[in-house]
Structure formats: structure tokens, C-alpha cells
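The same chain A turns up in both complexes below, where it pairs with chain B and then with chain C.
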Partner chain A sequence: MSQEKVTIEIDGRTIGARAGEPLIEAADRAGIYIPRFCYHKHLSVVASCRMCLVEVERAPKPLPACATQVADGMKVATRSAGALDAQRGVMEFLLINHPLDCPICDQGGECELQDQALGYGRGVSRFVEGKRAVADEDLGPLVATEMTRCIHCTRCVRFLEEIAGDQELGGMHRGEQLRISTYTGEPLRSELSSNIIDLCPVGALTNKPFRFRARAWELLSFPMVSVHDGVGSHLSVHTYQGRIQRVVPRECSTINETWIADRDRYAIEGLAAPDRLREPLVKRYGEWHTAGWEEALSAAVAGVRRVLEGHGAAGIGALLAPHATLEELYLGGRVVRALGSANVDHRLREGDVSDQEQAPPFPYLGGTIAELEQADAVLLIGSYPRHEQPLIQHRLRKAARAGAQIMALGLRRFAWNFELAEEHAVAPQHLVSELAAVAQALGERKQRKLPQALRGLPGGSVSEPARAMAKRLLAGERAVVLLGNQALSHPQAATLRALAALIGEWSGGRFGVLAAAANSAGGWLAGALPHREVAGRPSAEQGLAADAMVRAQLPCYLLHDVEPEHDLWDPAAADAALRQAEHVVAVSSFASERLREVADVLLPLGAFGETAGTYVNTEGRWQSVRGVAQSYAEARPGWRIWCALAQLLELEGFAYPDIAAVHAEIAGACRDVQPSSRYPAELRSSGATSADGGSSSAPGRASGQGSGVTLALAGAVPIYAGDALVRRSEPLQQSPLAARLEAVVAPETAQQLGISHAETDEATVRVRVQAAAAEALELPLVVSSTIPAGTVWIPAGLAERAQLGPPFGTVTIEAL
Partner chain B sequence: MRPLSEYLQSFLLVELLRGLRLTGRHFFSRSVTLEFPEERAPKSPRFRGHLALRRYANGEERCIACKLCEVVCPAQAITIESHQRADGTRRTTRYEVDMFKCIYCGFCEESCPVDSIVLTRLDTYTAEVSGERVLNKQQLLSMGDRYESQIAADRAVDAPYR
Partner chain C sequence: MRQETAQEKAQHAAQETALTEAQQARIDRWLAQYPPDPAGRRSAVIPALHVLQDDNGGTLERHHIAALADYLGMPRAAVFEVATFYSMFHLDTACGRHKVNICTNISCWLNGADGLVAYAEEKLGVRLGETTTDGRITLVREEECLAGCVGAPMMVVDGHYHTHLTRERIDEILDGLD
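The block that comes next holds the complex of A and B.
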């Protein structure tokens, strides 16, 4: 589209436009409304509904405004007798086959067809013949269908093909038989699938869990941001009688455009899960008793005092969820520091933080989310944004469609929804050396040498894929190097960060970290760290990081919205640590069985939407939201709970009148923080430079004892297992993307195991998986060539695999 | 002179007799008072009395939880909660009318797409405890069951004018 400015006239008004842009866009900008069904600004133009017919001077027939390009001097009439007549005619045709079921249709009250019918429809239909009926579809647990209502605008088809990336719906048959269908009868698999609900102008596609719950006109809408990844998508939550009923996207061109991930929309279905904590609980002699807030708080404080007297302040450690609000993270950190300890951390899923001293103020994307679209060469390291930050994937996909070379260096191959320029999957213990090889290859081309600390990492000659990646990165004008969730939880994450930052620098592009959780960045700013206070000020005392805290087996733990069996890097060690602890206080929205076993006091925490707070997304943008739903039973906002604890502990400076005061304090401190993604190339910890992930026995070989094969373990947190709320959302857990606990190995590895069956998606055999001294685990085995040989892929973050410990390591596998 | 004639009139009880004449006239004319509980005044088929929810002949409740009556009610007397029933249809889980709020305007009946909520001819009812003023779905449905023949007959009479 050219940028040439032209002047056109619509309904007698002279407006400016760009030559060649769709007429409807120019009209929208000028605030002149033209009715439409099939047109959507983020989708391709098909001009199939004909609702947007307008009269253009010297055109013999009315023209569709969405498919007519603007030309200089054009004179358009959108409401002339001819245009209105055409629009009314189209409306009458559309209504011929549309059922009259507005009263039972969930779209009623927010339906584009209803609205247009009011403006352009006839009072009484002239059509007396029978209406068409269409057999219904089953699109899975997220999207309800009533295909008789479909008006064939194909927005849903185009969305799934153009934005979500898989052609999951299509128009079958033709003429009067035309119907929108999956054809295969499979449920939708896209992580963005539910956006078709908002796109569908009629009630053919509606929100399934929300079905028949409330009417559009009785809902109150509040702005909110998503808390399930580091993107911070803009949402509107709709409440009815103080309860959140549904979530819809709120447009934000710089973050999420008009889309949200299914996770953002349906996580709220977990809000009233059966194990939601209703009131404070105190454990006495191994029995749980419900208690009032005062009683529970004093029990919590009494325990902390006991530990302070018995073991000193260093015996206290706080693990705060990285999706807690900035204010909660700040207060949690301050309470622990005021007690004299510095054991506080929010990096629960990270195992290597040895570069923390020289790290930038917070993990930063290196630019804005929208800028990712402009990239022309992208290297993704240990990342699958499609499941980790779905809306980052959307930007990358846009870049790829515009010709960007996107490369992935990771631990397995994934189902990308665009063509990758390079995909290289290596066993976890080789990730560092492969990345070093990319750096080396870049260095060779740029006549630069790897810094001392990183030298010697490549196992020998630089591999072919590494060379190709380096070449493509250099060829790009706007290269981007991104480190994803799997790299961040790798046991040598610090080395990966150093190398990736170096590669970013040498390729002349930018380097960024994709934040895993809503406040992965905010936690750094808030000072929920063992070595830094708010705004990155150095901490007077040095505390233990999350994983070290778990290994140190402290006598007292304070947990904020943490489910140890899911949320910690090493759930096995966490379980052991919490079991031996004298006193565990859990501030939590939910009380899982395991949490009930290890905790001594449970304080109910206001969940998503019930508490005000701030989130800092991966691009460093601060977004504050209000609490919009009434609190659930006795649950209270986290910042109040921390203030109450502080006051009972007689700590100074926690008398905040409201959350705004807390926020102002943090914002004031962080005023001068400059985002940066410069990581030190000089690594401090010596262990980090050893090329194989510190594993003792070489994986991939049959080991001495038994018939088992020792393999390298790798895994990522599945898309619907990231936080307590998502894990409790029934519809998400029933969807095809829900986590399946299984061991996936390469065909070569399967042969080693003595299993000689072909690659399938379905598990047919079971294997016994044994990690270190833990109890063995029996898992179904899936054979897939997406996994590098010598590796077994077992998803992380699932309670059922907790005994295997960290996501990475070595395990012995034996066929059953 | 005047005082004398007045004196005569009152002495001869003229005013009293005049009054008695009126009494006497009504004493022998036809009585118009109805013996209320036993006798009722005739009502128009459009009479707007107590609310009721109707069923179809097969016993299925008519209401489809569209909530139009709830939103149209000027007195905000109606409260509805809806869900998907096991058979997949849209139904109410709660349908309550606060009879103290209701102003018997009949808007709910006008708005109902399936002739479910109706105003019956019933105009006499009491509530003895404060909570009784709120009628639930069961009570409203049983009102409908009880007066269905009358309700149906009234709608039939009115049909040509709608």
C-alpha cells in the first residue's frame, strides 16, 4: 500500500486517506460507520457478506466498501437512497436463513446481526418458505457452536488460517449447502482458538463455559491485564453480582492487538475450584481447624517468632510467586528483610542464577513487543512461545510472514505455526556448547574472540546448524535473539544468558529475555530477590535464591501463592524442605492436598480480579489494575495480608492506608531504573563453564545396574500448567492442549530400550523412570523424532512427576 | 319570622324525615354490594393481577431464561439466574418476583417471547411473613398450573387484538 495521501469525499465530508487503502478503513477513521460483517481490520478482505455496499460516484453499481480501494477525488455516499436500498436488500437476504432464536442465543444483546437488523431489517419477513438448518459442530470444550446461525462471513476461517496459523475450519459444500466445519470432527487445537468467539458477528460461535450464564446487558465490564505470561495482554473482565463471569480481549495495538490466548480467557473457570481456600486454617496436632483471621495471623506470627528465637533470622525464607502483584512481591520482600533475613525470591522455576549480581535491573525483552514484528532474523533459544507467550508467537509469526528468518535452537522440535529458517534440537547438556558454537561462528565472521570465561565451550569444530544460524543472524538488518522459558530454567541458564547476550551484540541486533510469568520482571523491580532490594538497590545482606533456599532446608518458609509440587524448580527438594520445616505459612488462593500436608497455617488469598495491583510485563511496561470482583468468602488481598503480618510482628513502616501508597513507594524508587539486557560475559561461578550439564554419567548409554538406559531429562511447563488458576480451569484441562504426562523419546532411544514400534502420537507401552534416589515413576512412552537422541522429554511443572526433581537432569529408563 | 319557621321545622322533625326518606328509598332499592369472599366483581380478560409462570401442554416449563422480562421490568421486581440444563436447553435456576415491588404494569408479559410470565386475574392474596413477598420459580409455576385454563382462555379472547 502506498503512503500517498489523497482526499476523498464521504457523505459530503472531505477526508484524507492513503491511496489504495480500503474505503471502509478511511471511513472508520473519519468516524463514518458503514455496516459490515465479513470485514475485520486484522484479517484479509474477502468481501463476501456485501453488507458494506456504498454508492461511489460514476460506478455503475453499489460497491463493497471493504474491497474498494481509495482513489483520489472519490465521492462516496454511504447513506444515499441507493446505498440504503442495497444494504436493506442484503440484510433481507441474510435474514432469510437466520433462525429467530435471539431469546436463547448468548450473542443476544451484543450481536452485530441484531444491531444491523434493527437499522436495516424489515419489521416482518417476506420469506415464508422453510428455513435452513445445519447440523452442529463440536469444536471442543472452549467454543460452543450453533451453526444454523452462521452467516458465512468466514471471519473464523480466516482467523484460524491467517492469525492462529492452522486451517482448522473451512467452508464445506457450496451454495445453500455451504457450511463452516472442521470436516474432521476434531476439536480446535490452537492456543488462540477462542478469539473466533469475538470475531463471529452472530451467535454461531460462543463461549462454551459461559454458556447461558448471563446476558450482555447485565454484565459490568472492567479493564484488567492477563497474569498467565509475561506479555500482560489487555483484558476486560465482565462481572455479574460481583463474580467474574467471562473475559474478553481489550484492544491494545502495542501488546495484544485484538486477540488474547485461550489461557487468558478461560483461566477464570478455576476461580471457584473445589479446593479454593475459603477461610484461614490453622493446623493443630496434625488437624486442620478453621480460624478467624486474627487467630490465624497470630498463629503464623507465633511460629515465625519461635523460629527467630531458635534459629535466628537466617532460618526464615520466603518464596513468592512470580505472578503475584508488584505490591505483594515488594511487601513480602520487605517483611523478610525487616525480620533480618534476605532469603526471598520469586524466580521459582530457575535453577541457575549465578549471574544475578551483574544482571540488569530486570529481565527485559530488549524492546517493545510490537517491534518484534519488524525483526528480520530471530534466534529463539530454548523457547516455544506458542505455548509460553502465545501473543509473542503471534508477532513472530507476523514477522515470519513478512519474510523474517526465524531460527530455533532448543531442546526438542515443536509444532511451529510458521516456517522456521533453521531448527536445531540438542540434548540439554549440549545446549550451552551449541549456543557457544553459534557465538564462535559469529565471532569468526566478525573477527572477535569469545571472552575468557566462555572459551572452550564448543566441543570441537563449530557444527553446521550453528554456522547457518550465525550466517542468517548476520544477514539480518534487525536481528533479535530471544531467550525463552526452557533456557531460563536450564541448569546453566547464566551461561546461556551470557552467550545469548553476546550473540545479540555481535549480530548487531537486540537481545531479550521472554518473561515467563506476569511479574517475572516486576519481582526484580520490587526487590523480591536475595541480593537486591527495590529498584535494584544492593541488599545489605545476601540471602539465598529460591533453589538454594529449598536445598538449605530452612526451619521456616513463607509461601505466597506457591504450590510447591508444581511451581518450584526442584519440586522433590521443595517437598523435602517443607516437610522438615518447623513452620510453614502459606498465603494461597487454593489449598491442594500437598500444600495441606506441609503447611501449618493457610491464609486465603484474593485471586485474579479480586485484588488490585500492578504487573510489569516483559517489555517493562507497568500496568495497574483494580480489584473488580468481590472477595471470595474470607479471602483477602495479598498486600493486606503482608501488612497485617508485619504489624503483628511489630515491624516498622507497614502502616499503609491503601494500595496506592504501596504502589507510589515502589514507583518512586523505580523512577530512574533504565531497562537493559546487558548480561556479564565474565561468569563468576566456576561450575557454569563445564560443557556437559554437570551430569556424572554420560547419558544415552546403558548403565551398569539393571537393564535401564540412562538418558538426559528435559522438559518444559505445558501451556495449561503454569499457575494454580490455569491448572484448575476445567475447560482448559479438557482441551487437546492440556498437559499429558508421558515420556517422549527419539526412535533411536526407543530401540535402545528394546522397543521397536513405529513413531506414534499415542502411547502404547509404559516405562519406569527413575531419578537419583527417588521412587521410580511409571509413565506411558511416546516415540517421536522431535526429541534429540539420548534425551527423554517429560513435561515439567506437574505434580505427578514431582519426584523426578528439576526439569533437567539424568534419569534411568526401563521398559516395562 | 325566620327564627319561628326554623323553630317549627325542627320541632316537627322535618329534616329528620327528609333524611329518612333517602334511607327509605335505598332501603327498598336493589343492593350493589358484593359479599366479597363469596361474590366477586366481573373482570376483563386483560386484568393484570398476580404473576404466574406457564407451562406447555406436555408439562415443560415455557421460560427459556432470555431475561427480557427482568430487564424490562420498571420496578426491578424480577431476578433471574440461568444455566444450561442437562438436556442442553437454556433454563432458569432461579426466577423470583418481589410482589411488593411489582407494579402490575404487565411489561414482563409483553416482553416474553414464549408467553411464559403472565399476569393472572388473581387480585387477592396476602403475605404473612416478610420473606413471603418474594415468590420463587416453584410458586410461580404452581400458580400457572392452577389457573392455566383461565389464563389460556383470557389470552385466546385477547388474541385478535394483539
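The block that comes next holds the complex of A and C.
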């Protein structure tokens, strides 16, 4: 579109516009409303509904404002007799087949068709013939259909094709028979699918779980921020009588535009799960007893005091969820430090933090989310944003569609919704050396040498894919190197960070870390770390990081919104540590069976929407929200719980009048924090571990005993398994993207296992998987060429696989 | 034993959903006539659907759509859109040996096509879109203009045009089909 400025006149008002832009956009900007159904600013223009007809001087007939390009001197009338007549005519046609079921329609009260029929239609219908009826379709657990109401604007079709990246719906048949359908009746698979609910201007597509819960005009709307990844998408939460009923997107052009992920919308369905913790519980002689807050807090504090006396402060460790609020993370960290310990961490899914001393103030994207779509060369390392940060994927897809070369170096191949320029999947023990090879290839072209600490390539050979990636990065003018969730939980994450930062620097672009959780960045600023206090100030005492805390088998653990079987890097070690501990206090919204087994005191925590707080997203943006829902039974906001614990422990400086005071303290301390994504390779003290990870047994070989094959284990946390709330959302768990616990191997590996098996999506064989000394696990086997040979992919973060330990390692597999 | 059956099932499914080499060659000839980009590949969808329909006794099944969509790099829903839009494609319906399309668009309609449709329906004992029980004739669903207005009313039988129809001509033509 040209940037040439022109002047046009709409309804007698002179306004400026860009030559060639859609007339409806210029009118919107000037605050002149033209009715529309099919037009949407983020979708392509089809001009199919004809509702936006306006009169343009010298045009022989009314023109659709969405498909009419602005030209200098254009004179437009949106409310002239001719325009109104045209709009009324279109409205009458649209209503011919639309049922008059508004009283039982969920869209009623927030329906574009209703509003525009009132504003632009005629009062009486002249249509007396029979209306058509269209069979409904089951689009899965998220989107309800009532296809008789559809007016064929095709916003949903265009959204799925243009934004979500897979046109799962289409306009089937024609004329009178036209209907929007998948044809096959399969549920929608997109992680963004539910946005079609907001796009639908009528009640054809509605929010399935929300159906018939409340009328639009009974709801109160509050601004909120999503807590299920590091993006921090803007939401509006709608409540009825103090309970959250639904979530819809709130527009933010720099973060989530007008979209949210299905995870952001439906996680709230887990809020009232059966195992929601209603009141404080205290375990006495192995039995749980309901207690008042005072009693439970005293029990928690008494246990902590016992440990302090018996083992000293170093016996206390706190594991805080990275999706807790900034204030909770700050107070949790301060309470532990005030007790004299520094064992506090929020990096629960990270196994290698050996670079923490040299790390920047917080893991930073290296720029803004919106800037990602300007990139022209992107290297994603151990990342699948489509399932990890869906709205980051959206920006990358926009970049790809604009011609960016996007490359993925990872542990398996994924179902991307755009064309990758390069995709290279390697076994986990080779990820470091492959990344080093990319750096080396860059270095060769730039006449630079890899720092001593990062060398260690076998033979110094650079693989073809690494060379190609380096070439494309250098060719880009706005290169971006991003490290994703899988790289961050890799056992050599620190080396990956150093290499990736170096690659970002050498390619002349920017390097960034994609934050996994809502406060993965905030936890660093809040001082929920063993080596730094608030705002990155060095900690007087050095504590243990999350994984080290688990391995140290401390006598006392304080958990904040943590489900050890899901949320920790090594759930097997975590289970062992919590079982041997003398005293475990869990501040938690939910009480799973496993948590009840290991905890001694359970304190009910206010969940999403029930507590005020701040989240710092991956670009370092601070976003504070209010508590908008009634507290659930006896549950209380986390910041109050920590303050209460501190006061009972007689710690100084926890008498905050309100959360704003806590926030002000953190914000004041962080005023001068500058974001950075520099991970200086030269300063690395620990020295890079050998490039091949030093795993003793070579994966991919048949081991001595039995018919088992030793394989490298890799896995990522599935899209709907990241936090306690998402895991309890029934609609998400019933959707096609819900986690399936299975072992996936390459066809070559399957052959080694003695299974000559055509590649298939369905598991037909079972295998026995054995990690270290743990009990073996029986899993269905799936054969897929997306997995590198010698690797077995088993999803992480699932309780049922907890005994396998960390997401990465070595396992022995045997066909059953 | 269980593994064997599953394996067979998978192989069977793979065979069923794949295009044969001969079909691919015929589709490739069409592809060669369009630009070699994704939009160009989409352009070949109609002739390619004809290839598959002709090979399958005049009807299309869902697995044909899936296989073709994958081959052309199109979303499946987009191929379903095409296959359901045109009355020349017969998706998910069994067809008779002969396909009869009676035009009901404006010129034919003004010349009494509606009466001829009713006559043919009564004669064959099926409605538009249905096939006679002996599998002889499919009366194709409501048909739009077939570009034979000059000889209205008209119909197409197995690709051959018959114009200036009367009830007698319809008897003659339909009775002459084996």
C-alpha cells in the first residue's frame, strides 16, 4: 500500500487517508461507523456480506466500503438515502434465512446481527416463506455450533486459513445449500481455534463450555492478563455473581492483536475442579484434618521452626511456581531469606542454571513481541512456539508470510503452520554440538573464533544444515535467534544460551529467550532465585537452585502452586525429596493425590482472577491486574498468605497494608534494571561440558541385558499440561491437542526394537521404558520419522511419566 | 497376532489413501499447464478431481479428497469445497451407470424445464440427486446453466447434449440407456 496521503470526504467531513487503503479503515479511524459483517481488520477482504455498502460520488451504484480503495478527492456518503436503502436491502436478505431464536441464543445481547438489524434493518419482515435449516456439526469441545444462524460471512474460514494456518473449515456446497463445515466432522485442531467464536458476528459459533451460563448483559467485564505462557496476552474476564464465567480477548496491538490462544480462554474451566482446595488442611498422624487459617498457619510455622532448630536455616527450601504473581515470588523469596536460607527458586523446569552468575537481570526476548514479525531470518532453538507460546508463533508466521527465512534446530520435527527454510532435528546429546557448528560456520564466514569454553566439536566438521542456517542468518538484515522451552530445560541449557547469544551477536541480529511461564522473567526480578535478590542484587548467601534443592533432600520444603509430579524438572527426584522431608507446606489452589501424600500443611491459594498481582512478560513488560472474582471458599491471595506466615514467624518488614505497597517496593527496586540478553561466553566459569554431554552409554545401541535398546530420552511439556489450572480444564483435556502419553521413535529405531512397522499416528504396540533404577513404565509406541534416530520422545510434565525423571536422559526400551 | 492385523490395517489404509502412479502422471500433466507455485498447483484441482472420479466409477470418496489435497498441497477443506460446489462431482454418493443432468436455469425454466424434471422423476421413480434402484440412471442434483440456452429446454446425458426436449424425447433418450 502506498504511503501517499490523500484527502477524502465522508458524510461531509474532510479526513486524511492513505491512498489505496480500504475506505472502511479510513472511516473507522475517523470514528465514522459503517455497518459490516464479513470485514475484519486482520483478515483478508472478501466483500461477501455487502452490509458496508455506501454511496460514492460518481459511482453508478453503492460500493462496499471494505473493498473500495481510497482515492484523492473521493466523496462518500454512509447515511444518504441511497446508502441507507442499500444497507436496509442487504439486512433484509441476511435475515431471510436467519432464525428468530434470539431469546435462546447465546449471542443474544452481544450480537452484531441483532445490533445492525436494529440500526439498519426494517421493523417488519416481508418474508413469509419457510426458512432453511442447516445441520449442526461437532467441532470439538471448545466451539458450539448452531449453523442455521450462519450468515456466511466466512470470517471463521478466513481466520483458520490466514491466521491459524490451516483452513479446517470451508464453504461447502453452493447457493441455497451453502454451509460452513469441515465436511469430515473432525474436531478443530488449531491452538487458536476458539477465536472464531469472537469473530462470528452471529450465534452460529459460540463458546461451548460457557453455553447458557449467563446472558451478556448480566456479566461484568474486567481487564486481565493470561498466565499460561510468557506472552501475557490481554484478556477480559467476564464474571457473574463474583464467579468467572468466561474469558475473551482484549485488544492489544503490540502483544496479542485481537487473538488469544485456546489455552488462555478455557483454562478457567479448571477453576472449580473437584480437587480444588477449599480450606486449609493439616495432616496429623497421616490423616488430613480441616483447619481454620490460624491453626493451619501455626502448624506450618511450627514445622518450620522445628526444622530451623534441628537443621538450621539451610534445611529450608522454597519452590515457587514461575506463573505465580511477581508479588508472591518476591514475598516467598524474602520470607526464605529472612529465615536465613537462600534456597529459593522459580526455575522449576530447568536443569542447568550453571551460568546464573553471569546471566542478565532476567531472561529477555531481546526486543518486543511485535518486532518479531519484522524479522527476516529467524533461528529457533529447541522451540515449538505453536504449543509453547502460541501468539509468538502467530508473529513468526506473519514474518514467514512476508518472506522471512525461519529455521528450527531442535530435538524433533513439528507440525509447523508455515514453511520452514530449514528444519534440523538432532538427538538431545547432539544439540550443543550442532548449535556449536552453526556458530562455527558463522565464525568461519566472519573470521571469528569460538571462545575456548565453547569449543569441543568432534573433528571440527560443520554439518551441512548448520552451514545453511549460518548462511541464511547472515543473509538476513534483521536476524533473530530464539531459545525455546525445550532448550531451556535441556541438561546443557547454559551452554546453549552462551552459543545462541553468540550466534545472535555474530549474525548481527538479536538474541532472545522465549519465556516459558507468565513470570519466568518476573521471578528473576523479584529475587525468587538462590543467588540474587530483588532487581538482581547479589544475594548475601548462595542457595540451591530448584533442581539442586530437590537433589539435596532438604528437611523442609515450602511449595507455592507447585505440583511436584508435573512441574519440576526431575519429578522422580522431587517425589523422593518430598517424601523424605520432615515438613512440607504447600500453598496451592489444588490438592492432587500426590500433593496430599507428601505435604503436611495445605494452604488454599486464590487462583487466576481471584488475586491481584503483576506479571512480567518475555519482553519485560510489567502488567498488573486486579483480583476480580470472589475468593473460592477459604482460599486467599498468595501475597497475604506469605505475609501471614512471615508475621507468625516473627520476621521483620512484612506488615504491608495492601498489595500496592508490595508492588511499589519491587517496582522501586527494579527502576534501573535494564533488559539485556547477553550471556557472555568468555566469562563462563564452569567450563562447557564436553560437547556431547558426556553421557556414558551411547544411545541407539542394544544394551547387554535382554532385548532392550538404550535410547536418548527427549520430551517437551504438551500445550495443555503446563500448569495446574490448564491440566484441570476439561474442555482442553478433551480437545485433540490434549497430551497423549506415548513413546515416539523413528522408523529406524522401531526396527532396532524388532518392530517392522509402517509409520502411523496410532499406537498399536506397547513398549517397556526403563530409566535408571526406577520402576519400568509401559507405554504405547508410535513410529514417526519426525523423531531423530536413537531418540525416544516422551512428553514431559505428565504425572504418569514422573518416574522417568527429567525430560532428558537415557532410557532402555523393550518391545512387549 | 494383534500386531500383524494392525500392520495390515495400516498398510491397507496407506494403499487406500494414496494416488496410483498412473493417476499421479495424469495429474502431473495438468500441473504442467499451470505455474509451478502453490497457487498454480491449486489450479489443477478440478481436472485432478475428474481423474480420480473417472477411475472410481464416477464417484468420489473422502479418501480421494484427502489424498489429492496432500498431493496438491491444499487444505482438505478447500478440496471438499470444490468437490461439493460443482454438480459434476459426486462425493459420497453412489452413482448409476448414466448421469442425467436436466438444466433448470432461466432459459430452460421459461421453456418448461420444471415440468420435465417432474416428468423424469416420476418416470424413473427417483428425485433429483438420487439413483434408480437398478443402478441404471442417476438424476443429477439441481443443475444450473449448462450453456445450451439456444436449444432450451435441454439436458446432458453422460456428457452429451440433448436439446429441444419434450416428454417424448425424454422417453426416447432415457429408454435408450442400457
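Throughout what follows, the second predicted complex is superposed on the first by the 805 of 816 C-alpha atoms of A that agree within 3 Å, B and C clash if a C-alpha of one lies under 4 Å from a C-alpha of the other, contacts with A are read in each partner's own complex, and residues count from 1 in each chain.
The definition used in the following text is that a contact is a pair of C-beta atoms (placed from the backbone, for glycine too) under 8 Å apart; a residue touches a chain by one contact, two chains touch by 3 or more.
In this text the structure is predicted, and so the values were computed from the model without any measurement.
Once the two complexes are overlaid on the shared chain, A:E422 sits clear of chain B and of chain C alike.
Shared-chain residue A:T764: touches chain C; no touch with chain B.
In the superposition on chain A, contact of A:D11 is made with neither chain B nor chain C.
Shared-chain residue A:W217: touches chain B; no touch with chain C.
Residue contacts after overlaying the shared chain place A:E373 against neither chain B nor chain C. In the superposition on chain A, contact of A:G170 is made with chain C only, not with chain B. In the superposition on chain A, the chain among chain B and chain C reaching more residues of chain A is C.
In the superposed model, A:I104 lies in contact with chain B only, and not with chain C.
By the touch criterion defined above, A:T182 lies against chain C but remains apart from chain B after alignment on the C-alpha atoms of chain A.
Chain A uses no single residue to touch chain B in one structure and chain C in the other.
Partner chain C is touched in their complex by these residues of chain A: 157, 161, 166-174, 182-184, 755-758, 760, 762, 764-765. Interface of chain A with chain B (complex): residues 102-104, 108, 211-215, 217-218.
Against chain A, the residues of chain B that register as touching in their complex are 64-68, 70-71, 82-84, 89-91, 113-114.
In the complex of the two chains, the chain C residues touching chain A come out as 2-3, 6-7, 10-11, 14, 62, 75-78, 80-81, 84-85.
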